[in-house]
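The next block holds one structure in the form of structure tokens; read it before the comments.
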């Protein structure tokens, strides 16, 4: 760490800080010549920079190294590509995950899965265990919902991603889903992250509403440190003073994370905006900014959805969006999913 | 809900929204005379206001009632007082909880418990299961730590509050602690909240870093809805653009929550500031604003603490603070804990 | 306005609020049947909703109409297109403004103007009066800088936009520039906005760091109310807890403002990010989201720029970006500036 | 500045950064032994740290010294006390400024001035030139209002503080007021600050809605650098995601600024909360946190105020608050204004 002393720090204060650092196992280099002393502390110690910052005569303290390791480009310079059969997340192709907020009925799941497949999605999204801010809201169908989702995914050649809310659900979900989704509110549920580190299914970690990029990468580190290297991240909007949209979609986080980490970055314009009429522009923006994939809520009848209807796209809106994305992706050297089913449909 | 149509909304759009609302089970009142139509929807339906907001011709939608019920003053106008033997939280006395971030050793726990008791604290705080943002940081002593904490608390006539991170810890913690603490990162861990609703020990719910007051009260509602009415709330700083302090202590949330809810409100100046030299002014401010209690990190040797040393007060700092608080409390008609041990000490 | 009374409000409190509203000149409609009284207040009065909100028994108050008028789509449904000779801002073409942060020397201005023209920019940006957060920083060349900028603009067939910091500069700037830029820190400098309302040059108003969309439109309203209808808005990042980038680029504000207002919306990825390596992805995202134009800092030698060097692009970076944008624009039915000079250059 | 290179930075990249720093006039010290190179750059150069941060191989850059000088405790360790006749701001006594948002009528100004004097205020606040977010709102009485305010202040032995919105108002205001107030929206109106630096009246600078502490001190630096050393700062709430109150009162900024700077810090609970029923708890909290003074809106008939009625206290509320503050101030070794007029009143 680098310790910047106050200009008026006494020599005794400087010496006390040096002694404290050496006590913590650091080698200390002192620079001279400026208006104030600057101490460089080098070593293996897990630095609590705050503890040094409150010592007498200290102005500020900065860390030298980042606290995450396995998630960093320093550890692994090349991109991580997560492969599920023929679907490759983090490669050249921009992967789209789409589907309803929650599984509600067989018919709803089937109709929506068919629609998103037709438009070019590769992965079906859908919830069976729902984290709801009110205890009085619809809480999901549980395993019944998982079965509906997986069977529709299989019928349409889609993979399945679904949310896991607690460690006790891992076993049942792993029987149905191809990817675990960790919701924004659970981004720092370390008990859950640790258990997911022991599984071998890919995990997508949504960014918490007020999580810094570093905290987000540390949450990924929990899973990676457990030995599960198939982790992807998902930007879904942060909370700011601006309340016109539900959240502020932090699109700049996409290139930032891609620079710091080798993990794929997915964007979720549905939760970021909360309104279906704003999903398309934000989805286009995310792809133009370089996102490795999108996760989008689509519902066959969104005005009657049991949850998140306002932000769920109509199938026709989604299809139009996919056509726009196919124009944008090449601008950044990416491809977008081809859509064989749709084309067959048009040929008939 | 109240639906405000756009000025240029067509009559067909207004009629479509009215039909949609009636379909959802609402009675609809239409007001005339303004530049735009305003619809009042009255009924029992669980309104998804967002869904109406995305309909054509709609400008904005406002809810009429708040989504929490048991936590509200409407449900229970008089203050909730939580009683643990002779300690009453939410009554006239401002209650102080103090102690180390984590239990580390028998000696550290004993020395710290003795010090906070001497200064006038009524409840010992201390962690055994620690949520840490890095998987490489000290994670707590587990049950061994709980035993140390409870035994020190008993020796000094203190009650014990400690953090629960997941449902599986509830049983063991309930054997040692008098109050469960739900950390800020778990404020929306609904699985955990639901399980705590089934216990009969008091629960203190810390406000999430970016939680609105309403979301915070909804988390309390999860516990209350389970039948556990002994809930208190804890303001511990929110995340804003200001980074000089670790968080921004939202002291105004104290009177706001006390107006909306009957539940006691505790303030945590240690986590709000992250620096021991700023804890005292913020503790004084919280009491002056009307907090029902404080929770403060104190350590017998904070410069060697295994966690949160920077924000842990020295015992002497804490004692001075308690003396200042005794002057402030009467300004708002509250008392502060008398300190029999300390007085005995002075008499010797 | 709509007044929602508390559930426990007494009839006397309801009557007092009704009387207060009528006193303010409103017609009041009271709805019945819900758990609480809801009052609709209709009329011409300039409502101070806050004043009603603090009355006894009142829970919340919502406005019916927005406080801006001339800036709204209700007042003018069709897009405003600002025309400066052959440059049309707000039409089909996405317009790019580019150039240095500050005019420094004749050579620097000339080299940069030539580069941005070659890449396809239509408008030269450049500062002569600089608002700097430190009184000790370079404050700009003043009129000398304006002359350099205009003469380079003329040589290359570009229009000129430059910042105005105070009313006393309006006269001199209007002799050189085609567009006045109001900086983010002056967004609520009402004295300045009022004076700009009296001019007849186009005005671009940057969004303040923490301005809501409504406050931003109210600032436009100040200029429009003065009779100057040639106003455009510029999103340049907002301040949030996220500090990895200088600001958080609120790209979703682009479609939001375009829905509420008829005024063109420009995006400034340079100030939004503060780092030249993040400008390109954010510029692409802004165009994909539907921005009517971009304003980008480009410098012929950015590592030696007197201000904002970190966020100024090298000419070659800018040229590559423009090529990418030409692929993206058609995805949303827009065109990008053709680049006759550059093509001629390549033919030679 | 301290430059932290990436772990994978090449030697050539390190050398290029060293060369760049030396080119900027710095002496460079390179530390070895860590996983990455750390460069200490020492010298007089005005560092643009951002420019170094975007160089290849650079991870992060930190400044060593703060950008403000005259405002810092390093420059002047002892507190600045601003003296206006017998009123001392920044001394032992907590000074209260109170009065209406705007001067409206002779009667209103007189009644309010009498009330705040009676309760113990030392300075009358009141606006004549009003910055309003809407061009259609009441904009103040101008010089007529100034005259009313000064004459009431004189009658009651109060000093006068009023807002200045632009340089052209300085002359007229200086004929009436004892203190210039710079509003939050003008905190970075550098043209205005520079002009105020040339005057010799005290200046109170309100913190901008999203200003960091450093930016706020830099605004003070503009005035100080002009030679006017009578500057005080005013915390009035910042903008965050929390919208229950108008702003989030950042009370912790009070001790933070007092540690960094020698300038007095005033707190404005009226604008921070926007609701008169929350002003008292926040005023108490500010004094408990160590504020050197308060500025509070009081109106003889707030429900009929032309501006800010919702946050204006009734005289009786203000009087009760002052009594509470007299209990709190001694807890931190401060005194509160005695109230001779009121006492005389009671004796009659």
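Read from first to last, the chains carry the letters A, B, C and D; within each, the first residue is number 1.
Operating definition for what follows: a contact is a pair of C-beta atoms (placed from the backbone, for glycine too) under 8 Å apart; a residue touches a chain by one contact, two chains touch by 3 or more.
The model shown is predicted, which means the values in this text are computed figures rather than measured ones.
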Between B-D and B-C, more C-beta pairs in contact link B-D
With centres defined as the mean of Cα atoms, the chain at greatest distance from chain C is chain B
Rounded to the nearest Å, the gap separating the Cα centres of chain B and chain D is 30
Distance in whole angstrom between the CA centres of chain B and chain C is 39
Shared-interface residues of chain B (touching two or more other chains) are 210, 239-241, 243
As the complex stands, chain B meets chain C at residues 2, 4, 6-8, 27, 29, 31, 33-36, 38, 40, 42, 60, 62, 64-65, 73-74, 77, 210, 239-241, 243
Seen from chain B, its contact residues with chain A in the complex are 20, 46, 48, 50-51, 53-55, 67-68, 131-137, 165-168, 185-186, 188-192, 194, 208-210, 215, 218, 221-222, 225, 239, 274-277, 303, 305, 309-311
Chain C contacts chain A in the complex at 210, 212-213, 238, 240-245, 248-256, 272-273, 278, 281-282, 284-290, 324-325, 327-328, 330-332
